[in-house]
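Both of the next two complexes hold subunit A, though its partner changes from subunit B to subunit C.
Up next is the complex of A and B:
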């Protein structure tokens, strides 16, 4: 199911696919080294910090001692990824590894603070006549970014984003339509899933599209990536000079302004401010806001807009929630916002539409098609919960109160667990069930049903003459991380397609053919 | 000398394994080897076929609310 990984392509994966020459050029910038280090998983960070001040190559057997034996597979996978990044290099015919010398030098400089002065951008020392504060930057960033999201779902009264944003959305397959005129573009299935992601993932998705474009725009990808990584290490609320940027980076700056990553008062302004969207690019802390909150805002503002224009502020304007689900899987949504209806249509079989509501039903087919598009059951349940009608909440609360009352009166615990225990612990065990439990369980079951079988291509090794022969090959396959299944008693094991050549080579060397 | 057989490893729960064996008994030549309770080795070009057949078998027992209308 390739659609599941639609937005999982991270910048690290993008970097892995770059040719080595470009990677090495990238490592010449200290800010890039630091940013890449920050993006790596914890174990990789451990390996790199262990080697960064150690001049000589590290032998692989030494490396094995750092990891517990049962984590060998993950260690091998990690080393392969680091090698793909060319952060570590093989020496002595692969028996030793060493850090990429360029990376080592620049990363050391970062740590010890001896890098050149403008490696992390030049802070403007003169005070700004038109100084802006952090809250202004936050507002600017979210306004710019939400313009894009609003546009994608076709909220009216929103000015269309710039043409560069439009072409990115189209290239990324998030919107489609003839020509580049904003009116002709319509959101795609992939675009809806894009809306469900958190903003950090969304920004990287667009930036990676941008990187793919750099070749056509005659921009140097190294320059672009370096600038993006520098942005990630800038300080929020400080202004930086434009003058030390290269021509490529200046034109990039104009585009980033459209996404709300940087703020510049005018195009010719000599300084720019990074926004929170930019400074959280390479950090693990969450960016501006999570997916659900921005979704809420989009929906909220969409529904209030419509209420104001149609003059009927009754149902949706006072609350966010508008969806009612019954135990028989019927769904009623009091909304006329095109976004909410479109999102519902992803996983609900909609039947009728009225002026202020839509009716539909959750069916196996409708939920399955959403799951097949890469939306998870948790996402669906979370969405329904956060957008549940206030009446659903009231009912759930009443039910919960009744349960607790019943329990305390009879001194039992109907929420499960041992009966007759302390009465105050009972209260904590009941959960507020906004959605009917049958529906929640069924959605989860439908997800489980999708992956009833897992398949792996590869080769089955069998007909071993001796147990010892089997053990030798089995252990080797396990060590290089290609073993999927093995049966000691029947002396058979299964290796992946990727590993067959190595295992076959090893077999020919170790086992004398007769 | 050990031999290597090309194929697709299928990992599933025992009930699904039984269903796959049932599919195989109707149209032999799909399953190459029964490895254990939760693993089967099947022919590479039959993977899609098995998945489709499984879907058909599993869908038989699904209630469709729109059938009644």
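Up next is the complex of A and C:
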């Protein structure tokens, strides 16, 4: 799954790949510490906070006591990622871990509020002559961002984005073509996948490309990253002074303006406003979703404006989310935005188009063609879910409520038990199903059809001396979740590439003869 | 082979369970003066507040759309400190700020509101020493926290058309000081558009009250309400004794109950044991004590009972048999014969019988 998902290369992964010296430099800024902390998975956050106010190194066995056995795999994986970020360091030959001292100090300062003056941007105290409010910023951001997306799907009547954006699109493999002239560029498969992402992922994809560029532009990556992270902690609707920024950051500002992340009235203006696209950069799922929906909303309204002005006419589309899917795989989308229709056309067999809606059908062929373009089932489902019509949501909600009520009515005795102690099956039963389950399953099955063979990189363990030796290692590999396949009779098993070190270590410890 | 081909399905599931949903944390601080007076050698309310503020900041730092609420329960009554229902922003601006301006804004807004209102609250207690009753108002604070939680949860769900617009109106009218009553209004208002049952919530009670004079019925009702909306109640108990009702509250709601022996290290406990978010709770072993005292309290005297009588009609608990032979709650008449049976002094088993039994065996040849 990971190999097919092109946009999962998140900023954290980018950070992991940075050399330690740069990482440590990054941790010197409290705003960066906060933002990186926010981007970590929930369990990792817990480990870090539990160590922030604890000076001494923590032994690994003590850490194990926190986790339930079935979470062990995840814990090991997380610790590895934290080590890659150098947020935690090994001490005492790996039996204990401790928090990176720079990070600890700055994160603690951030929590207790003793950090230096400019850590979170400098708010302009004087009022702006040209009044700028949140709705204006939203409009500005969506207009800029929409230009990029529209350009990608090749909508006519849209001015081409600036050349820096074009080069980023090309560099990221989202568009291709000879030269840098906007007319020659054409969207790639990767570009189509890009369109299916929520806007936050899209922005990060571009920003990461930008970060890769910084090396060629001789920009200090620490400066750039710090500024991006500070942007994430700024407040929407407030203006900040430019004078406190470094030269690198000022030049970065001009580029960010092109993406609609910040608003600056003129290039020489002494203040800038972060837009919603920027302030939600480092927040997680739900805030992202809201960002993308608010974006969609504005995009839609803006596109209807465009249509009206260009004389095509059109009814104002619904607020957000416009797709209805029935259990018979019919899709209705209340939209007239060329962008959305183009995106839908990627995996829906569109049949009819009306003034304010299009309808079509999800067919095996249409979905397969999307899958063959490298779009995953997961992406499709996610897209449909986030863009589902509010009515679908209301129905799903009602259904869920009924289910929960039925459940509580039927086991009145267990209702007295703790809410969290219910088994996992119960939790999955209560998931909110916005899309019809038949459709979701079928899309997954269509993907499975294509993935008859999956490849895994890894190592084969064989030629064990005794059955017992085999079983010890086999069990260990299974426990830490790296086992892919095993054969008891032939005494062979196969582990993932990631797990080889751990299993080899364990083997050396347990089987001294080697 | 099956394991491999199922990957598409499995992967989706695991992604689901790790989701970082925003969460709401409500802190209830019991500031009844008597109990803190007993702790004066170990820790002061100021120090506890400091730790709690850092704890709130840490919670806010987890996620941009995380929310907090802070309630004090004092002998005068329970009160919301944040989000404050009456927020004199004009006054606030003129006052010297208690928190350094350099702090991250999201933190500062909360911390400042809590500190200022806590000060006035303490001031009030100092001024009218005698007018308050000695009964703990924690149960009231708990229900306030639950109503607020419930409101935030429903606000977040699909009933947004009217409420959402209402909130947007308020945010627009006070956009110049969005530190106002709607919390971090910009973020929360918009995050509620899409997320469905996403927001998780928990409540942390910090109490030093050793008297254990909590009202049993309101506490139990709060527990049931908390179960219904799937909110955990965590309890940090300072002071000498365990509070059995609070213990029950956390036990019944999958919360953490800890009696903190050394209050000086409060922040360490808060940032570790009390920092387990509801979304990751299934993955962790909660550091809670399984030895819960499931005591109930007598409906007549209000004292807790270890062994008592139960009305067979309404399950009302009594430590003594009411003199009029009627249940104090549902007013049903008790069977006079059974009362007589219960009232009878324990009879001593006559010795004779025993002897008969013991002499029986030796008939064997």
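Points to keep in mind about this one:
In this section, the second predicted complex is superposed on the first by the 290 of 514 C-alpha atoms of A that agree within 3 Å, B and C clash if a C-alpha of one lies under 4 Å from a C-alpha of the other, contacts with A are read in each partner's own complex, and residues count from 1 in each chain.
Assume contacts are C-beta pairs under 8 Å (C-beta built on N, C-alpha and C of every residue); 3 or more make two chains touch, one makes a residue touch a chain.
Owing to the predicted nature of the structure, the values given are computational and were not obtained by experimental measurement.
In the superposition on chain A, contact of A:454 is made with both subunit B and subunit C. Contact with subunit C, but none with subunit B, is seen for A:46 once the two complexes are overlaid on the shared chain. Once the two complexes are laid over each other on the shared chain, residue contacts for A:465 go to subunit B alone; subunit C is not touched. Using the contact criterion defined above for the overlaid structures, shared-chain residue A:484 touches subunit B and also reaches subunit C.
After overlaying the two complexes on the shared chain, residue contacts for A:254 are found with neither subunit B nor subunit C. By the touch criterion stated above, A:390 is placed in contact with subunit C alone, subunit B being left untouched.
Touched residues of subunit A were counted for both subunit B and subunit C, and C has more of them.
Of the two partner chains placed around the shared chain by superposition, neither subunit B nor subunit C is touched by A:186. Subunit A residues 454, 484-485 lie at the interface with subunit B in one structure and with subunit C in the other.
Subunit B contributes residues 1-13, 16, 20, 32-33, 35-36, 39, 41, 44, 47, 50-51, 54, 58, 62, 64-66 to its touches with subunit A in the complex.
Residue ranges on subunit A touching subunit C, taken from their complex, read 1, 30-31, 34, 37-38, 41-43, 45-46, 49-50, 52-54, 65-68, 70-71, 74, 110-117, 119-120, 133-134, 233, 235-237, 280, 282-287, 289-291, 293-294, 320-321, 377-378, 386, 390, 393-394, 396-397, 400, 415-416, 418-421, 424, 427-428, 431-432, 434, 444, 447-448, 451, 454, 484-485. By the touch rule above, subunit C contacts subunit A in their complex via residues 4-5, 7-9, 11-13, 15-16, 18-22, 54, 57-58, 61-65, 99-100, 102-105, 107-108, 111, 157-158, 175, 186-187, 190-198, 227, 230, 232, 251-254, 267-268, 271-272, 275-285. Per the touch definition, subunit A reaches subunit B in the complex via residues 329, 349, 361, 363-364, 449, 452-465, 469-470, 473, 484-485, 487, 492, 494, 500, 504, 507, 511, 513-514.
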